[in-house]
Each structure stands twice: as C-alpha cells, then as structure tokens.
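Next come two complexes, and both contain chain A; in the first it sits with chain B, in the second with chain C.
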Partner chain A sequence: MEYRFLPKKEIACFVTGLLKDFKVYGPVKLVPAGMPSNASIGDTKKGKDGFPMYGEINSPKDLNLLHTPTHLSPKQYLFPPKETLLKFKNGEKPGIESVVEAHDQVLFGVHPCDIHAIRLLDRVFAYGPKDVNYLKRREKTFIIGIDCIPDKHCFCKSVNTMTADYGFDLFLHDIGSGFVIEIGTAKGKDILYKHAKTKKATNKEIKKIVEFKNKKAEMFVTTLNADASTLPLIYSGRYYSPVWEKIGKICYGCGSCNNVCPTCYCFDVRDEIKANLSEGERYRVWDACTLEDFAKVAGGHSFRKTRAERLRHRFNRKFQYQVDKFGGLFCVGCGRCIRTCLVNINIAEVTNELIEESNRKP
Partner chain B sequence: MNSLKSQIVNPDISSSYTSRLARIDRVSRLTEKERLFRIAVEDRKPLGHSPGQFIMLSIPGYGEAPISISSPPDRKSVFEICVRAVGNLTNALHNLTKGDRLWIRGPYGKAFPIENLKGKDLLFIAGGIGLVPMRSLIKAVLNERPAYGKINLLYGVKSPDEILFKDELSEWQQTGNMNLSITIDKPHPEWRGNTGVVTTLLPTLKIDETKTVAIVVGPPVMYKYVIMSLGDKRIAGHDIYLSLERRMKCGLGKCGHCQINSIYVCQEGPVFRLSDIRYLREAI
Partner chain C sequence: MKNRNKPKVAFFSFTCCEGCQLQVLSCEDELPDMLSLVDIVNFREAIDEKRDDYDIAFIEGSMSRTHEIEEVKKIREKAKIVVALGACSATGGLNCLKNRFPMEEVQRVVYGDKAKKYKHFDTIPARPIDAVIPVDYYIHGCPITKSEFLHVLKSLLLGKKPEIPNYPVCVDCKMAGNVCVFEKGMTCVGPVTRAGCSAICVTYGCICWGCRGLVDDPNIAAHEDTLKRYGLTVDGVLRSFDLYGGWGRHKIS
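Up next, the complex of A and B:
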C-alpha cells in the first residue's frame, strides 16, 4: 500500500486538474431554488447550511468535503434515478436503438459506507445476465474516498463498514495539515501523480490514520447489539416478530427509505412516447418495495398487501435475502433511512429489538 | 465541452433491454377476455424456448410485460401466446391484428424439466389461464406420447364460457389418450359436468403415487389447496412442479419486483419444484 501526502492548500489544484479530464461529483451543500441561502431542510440546524448531498462540481470551491453524512448517496451517478434504455421509432420502418450512456467521471469524497455500497451494487449488476448500462458507467468511474465522522444515526461500525480497505482508486485521510492519500489502484496512482503535487507520506503521518480510526470507533451513538455475522439468522428467526406489525402501523409507505438507501437498486421500466406518436423511449426509474403496487400483478393480486409485509421485505433484503444471494450485509449502516423517515422508523432500533427478542426466545 | 465529458451513446454496446421485432401472424378469439396470437419473429431465427418459459413482450409506448409462451418448442421462428386483456399493454395487444408489429426479448426463466417427466404418470392441474403455459408442456408431451405413462388433466375454470382451447382439449383426450376432467366454480344452467373448485376432482382420482408427477399452474390462491390435496394423495414434494406468477419488469434478475425472499422468480423460476420452495416464506 502506497501513501502520499497532499497539503490542504493543494486540494483546489487537484480538483482543477481532475475537472480537465472528468466530470466530477462530490459532496455539496445544496440550497434549493427559492430558499434563502441561510435556510435549511432536513435535520441540519436551521440557518446554518444547505442540504448535504452529492452534486456536480464545476470548480474547487463547490466541493464541500463534509465529514458528516450526506442525505443522498452517490449511487445516483452509477444508477441514475431515471435512465433511458432504448429509443424506439414507430411507423413504416419501426426500430429500437439501444442506449448505453457513460462518461468518464470522478466521485470525489465518498465515505467508506458508500464505497461498500458501490461494491455491493457491482456484484448485483454483474450477477447472472449482466446489466450493461450500469457496468459500462461503473467502468468509467473513478472513486476517491474520504474518511468521515459519524453522526448520531451512523452505525457503520456495527456492520463492518467503518473503514474501506478496497473499492476505491484513492482514499483521503484528513490529518489536519493535509490529506494522507492511500492509493488503491494503478489508475488511481496515475491520476494522482498527473494532477496533484504530493510527496511521500511520513510514517508519522501514516500513523495518524490509525489514531483517527481508533478515535472514530469510540464515537458511535448508534450500535447494533449483536455481531454482524449473526444478523441474517436473527432476521430469519424473527420473521413473525410483532415488530413488523408495530412499524407497519406507523409507516406512510412513501418509499423515502428506498430512495436514500445506497444499496437499494429496484427499478420500474416504463415507456414514454412523444406527442407525434412516432418516437419515444423506454427508461427505468427507481422503484421502492415499500410502495403499495410494487408486488402487484395484472388482475390486482398483491403478494405483499400490507405495509408491515413490505417493510419486513425491505429490512430482510438488507439483513438476510440479499446476503444469501450476494454475500455481505446489504445494510452499510449509513443511517440515511433513519434520517429521512417521516415517522422515525429506525432500522437500528428495529434490528436491536429483533436481537433482543431472539435472545429472549431461543 | 471537453470530448470526454460528452454523452456516449454507443450503438456497439447492446443494452440488455434490446428487443427483436416480431409480427402478428394470426389472432384467434378464445373467450371474451382471451385471445391466442401466433407471432412470427422478423429475423426468422427460432425463439428456442422450452415449456414453462416466458418472453418480455412490448408495444412501444404501452410498455413491456412478461408473457408465457403457449406453444411447444420447435425449430420455427413462430410461436404462440395466449393473453387475457387485463392491463395497459394487454388491452393494446388485443387491439392489434394480423400483420401488426410488436417487440420481444427472451425467452427467460427456468422451464419444466421435461427429461425428469419421462416414464412417469403425469397429473396436470390447471386453474383458469394457468392452462396457457401448461399447454406448451402438454403439447410437447403429447408429441412424444409413448414416452409417458398415464396422463390426467384436471382443469378448473370459473364458468363454461371461460374454458380455453376447447377443440384442443377434446383432441388431446381422443388422440392423445389423456383423461380430462373439467370443473366450474359455480353451477351454471348449461353445464352438466363437475362443479366446485379444482381440488374437488382429486379425491376420486385413481393415481399411482409411486410414479406420478404433478404439474400445477393456476392463480396464487389455488396452490395452497392443491398442494394439500396432493399431500392427501401421497405425492411427494419433489414430484410436484409449479409455475409461480409475479410482477416482473426486467426479466434479468435485477428490478426486484418478482423477488420471493432471496430468489428472483424470473431467473430461478417461474417453474419450481415444490420441495425447493416449500419452506420459502411468501412463495405459496
């Protein structure tokens, strides 16, 4: 593993360099149109800042290397909320043209949980029949990770995603005076050497990574009360838990938790036709298993009729079903679904209730 | 704009959603709600399906849906589907006539394991339009009739006017040496046959449980009861095959709609052996 050191004042120059070759996306504080610049939405303190999320970086000053979590994950740049799959023409000479869109891009400032999430999505879209649209975009994506500080809802430590050992091209460790940059891939090294003035990191600087890691491990407010490897079995055993009915009763079925989740990848496929009726496109849009119609077939039969059943399905996808299929927990502990839930359904609390029940009822 | 940043629409890389152009070759009205379409693929390459598989069929502008293939496998580029008009796409399909175009991709999914059925007595149990995918298998079996033992078909429908493939049913009975019992859900003035749900046909049926394989296709509600009745007949779970219906959007094991616990029906199904899914919650 090679480590380089980049002084803080050089970061702008690095970003400017990247902007020459790539589209760059990174954490920004977005203030929605029409809102005064000191207004805020979400759970950030009013008047303090905007909405922490990932956005396009056009100049180094757009980049806001947040150490706290963003409301949305960078998954949207690999798996867009709406994506054209085909363009079609009707009429005398009907045709279908396949659309695969991808451009060279950098995801700058990705937190360890999201790096883990991207690795899971890579597995999903390469499993069985390959999803060319995702994989092509992924191939052209360069990932620069950054270390972060947990807020009260983060529980990555409990699901083993507090640090990322691979899954990035470069990884920045903030040590105060600058960044110790961990080189993950050969491509990462090339790009770093090309665009940034770094020097070899000293042992003292590298040591600070471990110091920070140890400090970070003590910061968590939210933790799961069982070892991550036991969670699939606990979920399987608590399929008939009263917890599902309890949270089903308060859930609005709005699908927000699915939208903010970095490992949710379900989608709907739809057609849109232009007003001239002669051409149109087939596209996919994010879908949510917590929505009422998600598992409803033609004729009206729904395989998960109640909100409790749909929530149970969603939670089990994170802790059991996808684990069986792809290996690795599909909850990366980012806490986004907790922050976004309108009725405060808390995946960590629910999991802890299930853990407690299964301790009680062996 | 830097050239690297521009959008790449690459015609050489095929999206997994690319479809083949096809044309309607013949339409026949089977009942008030169901029509049988014979479809010819324009590139004239065979579909290459096995009984139990499905295609993703689309009419641009109306969307795409999974549709079971109803004809037996053959080397031709022509196949049949039987469709009930229940949604946006299927209603649009019912408005199409001979020569009209549509798009298909597939076939997808696991088929009935026809080799495991050879030498066995077959018990087909169909409910409503469950007969549609089953027809592909029945026809394939009857094409090699001597390879199988006794064949029974139990078919339950709501009312006499919903019976599908009437002519074929009697043909299968006469030339295919197959026992057929039809039952309708409720008494009907013009109906002299059995009434009651399809499971009412089972208790009096004489079968040899040591060599019988059951193939069950019907609406979701039917499976639980049919499986219980087959249990009464001492047919083992590994001798029962089912085809499960779920919502599907991609056919590629990605979109999540057809998921039952950790399996994707479009990939690991739609045909399942009961013993493989019996303990899968939410399957039946």
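Up next, the complex of A and C:
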C-alpha cells in the first residue's frame, strides 16, 4: 500500500485538475429551496453541517468534505432514480435500441460505509445476467474515499464497515495539516500523480491514520449488542417476533428507508410510449419493498399485505437473505434510514431488541 | 374530416377552475399526435362543437349543486369510460372546504342577501364525482400533471391499465433529492399523500398540501402523531388534512 501526503491548500488544485477530465460529484452543504440563504448552518436540527447532500461539483469551492453523513447515499450516481434502458419503435420498421448512459465520473469524499455499499452493489448487479447499465457506469467511476466521524446514528463499527481496505481508487485521511492519501488502484495512482502535487507520506503521518482509527472506534453512541457474524442467525430465529407488529403499526410504508439506503437496489421497469403511439422507451425507476404495491402481483394478490410484513422483509434483506446470497451483511451501518424515518423506526434498536429476545429464548 | 374509427373524447367541467383542462391544452408538443388518434367532440374550453356521442369522458370539477348531479349522471350513461380529471373531481378538492359550514352560511357569505332571492344559487355540500357515479380512472392533482394525463390517455387507447402511483410523496421527494420538509422545520402531509407529482411543491421550497389525495392505505394515526411531535396542536393537525382532504373528514350522509 502506497501513501502520499497532500497539504490542505493543494486540494483545490487537485479538484480543478479532476474537473478537466471528469464530472465530479461530492458532498455539498445545501441551502434547500424555501429556506433563507443563511438558514443552512446552525439553525437546523442537523446542526452545523446544515443539509449535507451529494451534488455536482463545478469548482473546488463547491466541495465540502464533510465528516458527517449525507442524507442520501451516493448510489444515485451509479444507479440513478430513473434511467432509460432501451428505445423502441413500432410500425412498418419496428426496432429496439438499447441505451447505456455512462460518463467518466469521480465520486469525491465517499465514506467507508458507502464504499462497502458500492462493493455490495457491484456483486448484485454482476450476479446472474449482467446489468450492463450499472456495470458500465461503475467501470467509468473513480472513487475517492474519505474518513469520517460518526454521528449518533452511525453504527458502522458494529457491522464491520468502519474502515475500508479496498473498494476505492484513492482514500483521504485527514490528519489536520493535510491528507494522507492511500492509493487503492493503479488508476488511482495515475490520476493522483497527474493532478496533485503530493509527496511521500512519512511514517509519522501514516501512524496518525491508526491513531484516528482508534479514536473513532470509541466515538460510537449506537452499537449493536451482538457480533455481526451472529446477526443472520438471530434474524432467522425472530421471524415471529412481536417487534414486527410494533414497528409495523407506526410505519408509513413511505419507502424513505429504502430510497436513502446505499444497498437497496430494487427497481421497477416500465414502458412509456409517445403520443404518436409508434415509438417509446423502456425505463427503470427505484422501487421499494416497504411500499404497498411492491409485493402486489397480477390479480391484486399481495404477498406482504401489512406494513409489519414489509418491514420484516426489508430488515431480513439486510441481515439475513442477502447475506446468504452475496456473502456480506447488507446493512452497512450508515444510519440513513434512522435519520430519515419520521416515526423514528430505528434499525439498530430493532436489531438490539431481536438480539435481546434471542438471548432470552434462543 | 372526422375519422369514424377514432375514439371520441369529451371534456366536461363542473365546480372547478378549469385549470386541469388548461393543462390538457398546454400539452402543445403532443396535441397534434393526440388529435390524430382521437376526435375531441366536446370541450367547452377549447372548441365550439358540442356532440354527445363520446366514448371517453374526462370530467373536471366536483359536485356542488343538485343539477350537476343530474348532468354527470347523463354523461355516465353515454360514456364508455369515465375519467375523473383533477383533484375536485377525483377527491372533492378545495371545494369541500365549505362542507364544514351550514349551506345557508356558505350562500350568505358568497351571495349576501341575494342568496335567498334567486333560486339558481342553490348549493349542496361538495363531493367528488364518484360519490354520485361510478368512475373508471382517476387523474389526481391540483392541477393534474400533463405527463399523467397523457399517460392515462395513451394507456386507454392501447387498452392498458394506467399506472397511477399508490405510494406517498416521500418517494418522489427522495428521488428528487429533496431535503425533508420536516428537516426544514415545517410540516406537510406528504407521507400519506399519493405521489406522482415529482414532489414539485417541495422541490420549489413549498410543502406538500396533499392535493393528490391519500394513498390507498394511509397510516393516518402515525401521521397525526408525527405532526403532534413536530409541534402541531390537534386543531393544527386536522387543518393540515383539511385543504384537500375535506371530503374524507366531513363526509355528508
């Protein structure tokens, strides 16, 4: 593993360089529509980071290398909320033409949990028939990770995603005076050398990475009370737990937890024809297993009628079903679903309740 | 020349602002194609012609006078397919705000002392058209979105079932990348309101007023709790649902 050091003042120059070759997306501090321009920072319950979101970076000053989590995950740049898959034509000369939209892009400032999430999505979309749209976009995506500080809902440490050893091209460790940059891939090295003035990191600087990691490990407010490896078994034994009814009662079934989740990847495919009824396109849009119509099939039958059943399904997809299939917990502990839930359904608390039940009656 | 084989389409207005029909007229890019597929035989806002031999009736507006009920029943008899066009027609819409008051009071506020003098000022509690006739399809919204109108029309022409979203506005907000209204220190009824609007109000800084009506299975109890947790009084909570949800709350017998 090679480490380089980049002084803080050089970061703008690095971003400017990247902007010449790539579209760059990264965390920004957003002042949402309808808010006074000075309202973003400090006034909100989000605290000093205002409304951290991923957005397009057009100049280095747009980039806010946040240490706290963003509302939505960066999955939207690999798996957009809506994308065209093919165009079709009826009539005398019918035909179809597949559409793959991908451009060279940099995801700048991706936290370790999201790096793990992207790694899981890579497995999902390469499983069975290859998902060309995702994979092509992924191939053209350059990932620059950055270390972060957990907020009260983060529990990545409990699901072993607190640090990322691979899954990125470059990884930035903030050590105060600058960044120690971990080089993850050959492409990462080329681009770093091309666009940034770095020097070899000293041993003292590299040591600071470990120091920070140890410090970070002590910062978590939310933790799961069982080892990550035991969670699939705990979930499989708690299928009839009263917890599901309890949270099902307060759940909206609004799909927000799915849509902010960095590892939720379900989608619906639809055809839309133009008004001339002779040409149109097939597209996919995000779908969510907590929505009422998700498990509805032809004839109106639903496999998961109640919100409780749908939530149980979602939680099991994170801690049990997908683990069996893809070999890894599908909850990366980013805490986004906890932050977004208006009725405070908390995946960590629920999991801890299941752990406790399981300890009582194994 | 009218093509005999083209389906005949008619548009009707009852108690409404005719804004949803204006949305139809503003589908300028698609109108030529649309007109090659259907004959429009009745559309007060757009054409002089008035014929009663239609296959599909798009009905805008709620029922707020007795004679409207008679009229809409006649339309139902003639049309093969009836589509409710917009919030007033589909859910009762804003007009149902008046249902909270005695009808005499409503008449007095609007027409003053002339109310009693002229018979044609009669008014009844407002209601969606499906309170008086069966409706086949609904296009929600105040106003409707052009794309959804076109989607429904195209689906009907192709013999497909239109796909009308049955999930809350939260989905559209997340897809649009919006910051949640509740995060911004405001409240809305998006979590129980039918999506399909691309969350346009929230995207432009407003809140969701619920113009598309409730989803099929809304968790109203949960939303009442949420609104209270965010500082609304019981009255405030009820009012949140009132603007477009008056029909559900003050249902008349």
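For this structure, a couple of remarks:
Simple rule for what comes next: the second predicted complex is superposed on the first by the 350 of 362 C-alpha atoms of A that agree within 3 Å, B and C clash if a C-alpha of one lies under 4 Å from a C-alpha of the other, contacts with A are read in each partner's own complex, and residues count from 1 in each chain.
Note that contacts are C-beta pairs under 8 Å (C-beta built on N, C-alpha and C of every residue); 3 or more make two chains touch, one makes a residue touch a chain.
Since the structure is predicted, the reported quantities are computational estimates derived from the model, not experimental observations.
Within the superposed three-chain model, A:Leu86 lies in touch with chain B and out of touch with chain C [touch as defined at top]. Once the two complexes are overlaid on the shared chain, A:Gln76 sits against chain C while remaining clear of chain B.
After overlaying the two complexes on the shared chain, residue contacts for A:Ile250 are found with chain C alone; chain B is out of touch. In the superposition on chain A, A:Leu291 contacts chain C only, with no contact to chain B.
In the overlay built on the shared chain, the residue A:Leu277 is in contact with chain B and with chain C.
In the overlay built on the shared chain, the residue A:Phe125 is in contact with chain B alone; chain C does not reach it.
The larger set of touched chain A residues comes from B, when the choice is between chain B and chain C.
With both structures placed on the common chain, the touch criterion links A:Ala102 to chain B but leaves chain C unconnected. For the contact definition in use here, the residues of chain A common to its chain B contact set and its chain C contact set are 270, 273, 277.
Chain contact summary for the complex, chain A toward chain C: residues 30, 32-35, 43-46, 51, 53, 71-72, 76, 81-82, 249-256, 259-260, 270, 272-277, 285-286, 288, 291-293, 307, 340, 342-343.
Note for the complex: chain B touches chain A at residues 2, 4-11, 13-19, 21, 58, 60-65, 84, 86-87, 90, 101, 103, 219-220, 245-247, 249-250, 252-257, 259-263, 267, 281-282. The part of chain C that touches chain A in the complex is made up of residues 27, 30, 33-34, 36-37, 150-151, 154, 157-158, 163, 166-168, 170-171, 174-175, 177-180, 182-186, 191-192, 202-206, 215-219, 222-223, 225-226.
Every residue of chain A that touches chain B in the complex is listed here, in rising order: 20-23, 85-86, 88, 90, 94, 96-104, 124-125, 127-133, 136, 239, 265-271, 273, 277, 280, 282, 284, 287, 289, 294-299, 301, 303-304, 313, 316-317, 320-325.
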